[in-house]
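Two complexes come next, and they have one chain in common, subunit A, joined by subunit B in the first and subunit C in the second.
Here is the complex of A and B:
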């Protein structure tokens, strides 16, 4: 047996290390230089709501974009809707963020605090999108960030509605609910526990906040989280009363299992016919139609409160680019495509969203879509005000998810009074706002 | 006895230098440093920091503030109490059923191979699949309660997962399904090492089944029981996957273990400093519990 000499071994080790280093270096440079020699640039898009139908729509959209931009390729990566922020934050911490993202306005506070997203104001103005896109959606997207800067293309929006089964309502001698009293009456009359049909499904589990705030604050006629004196509206008697009414639906007109119901469970129950009404955004319309057919599903918006005000909750959804993208110009091209008529029309129409492009908003399909039509009619009323969620507060997500969800479930079970639950919410929001103002005024 | 004839030049032996031992253990030391020392050190360092990616302007050294906060945190105490209840319940039930199953499949009977395969199969199922199976069983629309409601036994729209007591037992059952095979495998391996002559001698002396179990079987499997119980207790203490996916720690925080609270604190509310402090405390509790358990069971001591 021939032993390899020490000098020889050292040479092999050095050679291997060099090969490894050069190999890794080649990988990095290949990625960075893509496109410099005329080859296509590859952008990575992280989708924050990977569902089969949505993924198909996004891939179709990517095909349309790539057909018009042969020098750019988009690599789609779908992330689960309930845990995408963990993945994104890991990427931010390790400097491995992709180029593009599909955030919601409610995600901006966390991303902006970490300086992860690229500001879009100048690009929007330079390319005329300030004029061609919905002014209210632009404003809504800006106000979601603590610094008032636009990080999210106002491509589309979702409004919250109450979905109901017109066939079941007709069979019970009820029409479409027009007032809060109608709603509570319908929830009661459509409940037949002995056959497994419930009048309403309350979201007691993950993501409960959007339903809770989207029902309670409109019923109280309150469009903000804070009163003029800075106190939280969750101390207001009308808000507490509305919260008691809403929580009172649990187990009287809902299933016991709703204590842990999340989005998927709610939609599945509605599709299976075991519940007659649910609160959710217009974005679930394609799911309802696929399960029940167009004639067995309809929506109404939140009703005017006793003070005459109709409060409408909505959420801007769009696309954003990461600050550390190696290809900002190409990334902006994709964002532009999502705001221009072709891309915006396809995306909003197929997804059931309200389009952000003003020209697309006048297309026939928008008026023909029942949920979008009722939402837009309501928004056009002078007595309607938008529900302003304070997404800019850094603690907003913590307060409305991990901190308050267990308390909400305790309140539903009767282990905590609704008054105490609202008081704890008020305290948390007031503390968060106080800290925010102390920081921003100094 | 013959000697082989060596032909050709003698082999060149590598030169042993004072650095050779260090070079040999170097890779192992690097691995331990990268994958153990650094992460643990980083958690201990972070435990004394305010670290929240949502409020980076407040980040910095806070001394023992995180640990003081733990003492006043009702969720910590509640999750710690639940962790104790969870570990004791799970390990006890898994131990009893695991030993029983091991004794059964250790007997000679027709179809023993198939029975063993069925007993051990749940252990091979991935954690997330275990959860999915049991979530379907507990689903109010498609699961067992739907069929019970059709028979008039329970109300429609009910689920074990939607009450604090029900969620605990639902999680216990799901985890037992996966955990019992572990005990059964460990104990069966020990049982097979018990010499058959001992049983024969005891039988001749008139010892019954119970007597043979207490006097022969149990002493032989004692060390296996201690190791399996200790390992399982550590795993159940650190259980996150099943509870996170099955109950999410709820409802109303009723099934939140300490590690699950750590995960929620660090991953959901982004309080990495406070989450690290909770981790350090959990680590200390687990270490003390393990040492006490090993002392009580005299594990590792000479049996003679």
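Here is the complex of A and C:
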């Protein structure tokens, strides 16, 4: 009898423990939902580039916001930079989107196609942000969406630059490159294969497109993907010639292993001193400074092309709110804070971004930051045009990643001619645009 | 009359070369140790890279961890919130091990000792679930956990990890139990044990290597699972170590010191676990794999 009762007691204990733990899990969710009424409103922010340092900065910003808005709480959730879209897609599919997001202009196409984001044009105009924010950033953010509507606050931007090592350039008797010819000459002269030093690192692996388009189209002096007659610029002889020059860097002034180099490899090579030049956004500045020191790294923007046009590639980074947010007014308050002077200045300064707020852009720290200063100076020139990527094309990501990457690698290895590579790109972009126009006109 | 023949001369024996056995031994040593050393170098170099970056100051280009620092570890543990991620991973992995092992033992016993209609089809079905990528199960699992109120709970990870690894664990365990002669159980029944008592007193002690194999498989699967943790958790304080590691790789830069320190924290429990269970693991896996 005693044995039986012991067994029963044990079963009851195990059952109770399981019920308690399962119950605790369920209760936790219920409590979170219940917090909406009465107390402060809680908004959830999903960050799409959650690095430790950035998380700290964003949490500080949230503290600043909450101090000014005691009735609003922001719950930060950091998402990994290489898999955030899967999480967002799942949330959209299951109707569990958060309130706020930190997307890039290049993310908008997929999100807008699913009607996931709330339009911001009317709110921007009503609160005067049309005037106080950078017109070019607003334009870039609008052009990233297929319907030309603003879904992303133009809080900040990153431009593509060419990073170089001034110490190595000086030692080789070279100054800062000022023209495309200077750049190719420097790449050649700074290559010393016997010591394992290469003049440039070409991105042959994942994410190659931003470097390819950011170097080839500016060298050709072309700021768009399509000509006026609707044909792709990748058919233009000057673009094909620039692509041949650029692909020609592989193995002559770059490491053979660059065939699969992604941004991590490129940045690591530059930080280790095995490469003297690198094309990347100004966002990697803190990493270069940490690895090399401030005096051993400098940047130049893309040079003017033969037609006198300077094409500058940049990416708007901002904040967006989801259409299904239960608290749109409170969410807008946070977006406003990110565009107002206090929040925008802190965020852009600490992150090394170009600020979107016009007043912040005149602050002293902007001029003191070498990469931001050269980018802004170039932007202000009348001959400078932005490189407009057709992010609105639903196939843009597929064309520039999975579809063309193997062919780019074949072109680098000489298994496919650069002319054929460009022709295939042109065909893909033209077909995508045609399909897009057919969809939008119907 | 028998002819007297001279005894055949003894075959000439070459004088022993004292160098030869030593040379042969040396050749054998090189033949075995050479490839093994190369393999070890190949395997351990990434670990060395990780240790070097974890304990080296940022900006140093030395191939040794100097100037030596523990700042990366401290930074990751405190600022990177790895203390919390580590705890969460440990809770998920330990619970997944316990639940997987218990269910695998029960199902494995049923599969190996009972005959029922559709048994082979059931086993085949279980095996075929292993060919479904985790990403395909995300939305259905998401809906299920949402309905159960388990979203954003570590239980979602425990259940998902257990469900994902259970079919193979069950089949491994069934193979292992099949190798234990039924006569041992029958002897226990003759002595008055019930089926459960016979299992507990006779079979269970013999199952330890199998359970260790299944447990180690479940632990590693749960410890390393990134996808489920990203998808089913929406709260910073409930993420696990693999998600924490991904924070070290940003869109515009990589913090190698922190990445290596985080990697060291992530890999340490697995190394310790293997150091302890390896003797059981080899027996368990090979025994379970013999018969399916």
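Rule of thumb we're sticking to: the second predicted complex is superposed on the first by the 404 of 442 C-alpha atoms of A that agree within 3 Å, B and C clash if a C-alpha of one lies under 4 Å from a C-alpha of the other, contacts with A are read in each partner's own complex, and residues count from 1 in each chain.
Convention: a contact is a pair of C-beta atoms (placed from the backbone, for glycine too) under 8 Å apart; a residue touches a chain by one contact, two chains touch by 3 or more.
The model shown is predicted, which means the values in this text are computed figures rather than measured ones.
A.B. asks: Contacts for A:415 in the overlay, against subunit B (first) and subunit C (second): which applies, first, second, both or neither?
C.D. replies: The first partner, subunit B, only.
A.B. asks: Name the contact category of A:86: first (subunit B only), second (subunit C only), both, or neither.
C.D. replies: Both subunit B and subunit C are touched by A:86.
A.B. asks: In the superposed arrangement, does A:358 touch subunit B (first), subunit C (second), both or neither?
C.D. replies: After superposing on A, A:358 lies clear of both subunit B and subunit C.
A.B. asks: Once the shared chain is lined up, is A:198 touching subunit B (first), subunit C (second), both, or neither of them?
C.D. replies: Only subunit B; A:198 stays clear of subunit C.
A.B. asks: First (subunit B), second (subunit C), both or neither: which does A:268 touch?
C.D. replies: After superposition on chain A, A:268 lies in contact with both partners, subunit B and subunit C.
A.B. asks: Identify the partner contact of A:259: answer first if only subunit B is touched, second if only subunit C is, both if each is, neither if none is.
C.D. replies: The answer is first: A:259 touches subunit B but not subunit C.
A.B. asks: Is A:291 in contact with subunit B, with subunit C, with both, or with neither (first, second, both, neither)?
C.D. replies: Second partner only, subunit C.
A.B. asks: Who does A:376 touch here: subunit B (first), subunit C (second), both, or neither?
C.D. replies: neither
A.B. asks: For A:158 in the superposed arrangement: first (subunit B), second (subunit C), both or neither?
C.D. replies: In the superposition, A:158 contacts subunit C only.
A.B. asks: Of all the subunit A residues, which ones make contact with subunit B and with subunit C?
C.D. replies: 86, 93, 268, 272.
A.B. asks: For the complex, which residues does subunit A have touching subunit C?
C.D. replies: Counting only subunit A, the residues touching subunit C are 21-22, 25-26, 28-30, 32, 44, 48-56, 75-83, 86-87, 90, 93-94, 96, 98, 158, 263-264, 267-268, 272-273, 280-281, 283-284, 286-287, 290-293.
A.B. asks: Report the residues of subunit C in contact with subunit A in the complex, numbered from low to high.
C.D. replies: My answer: residues 58-59, 61, 75-76, 79-80, 135, 138-139, 142-143, 146, 148-156, 226-227, 230-231, 234-236, 239, 243, 246-256, 258.
A.B. asks: Would you mind writing out the residues of subunit A in touch with subunit B in their complex?
C.D. replies: 1-3, 5-6, 86, 89, 92-93, 109-110, 113-114, 193-196, 198, 204-206, 254-260, 268-269, 272, 274, 394-395, 397-398, 401-403, 405-407, 409-410, 413, 415, 439
A.B. asks: For subunit B, which residues are in contact with subunit A within the complex?
C.D. replies: Counting only subunit B, the residues touching subunit A are 11-15, 52-57, 140-141, 146, 149, 155-159, 161-164, 167, 247-253, 256, 264-265, 267-270.
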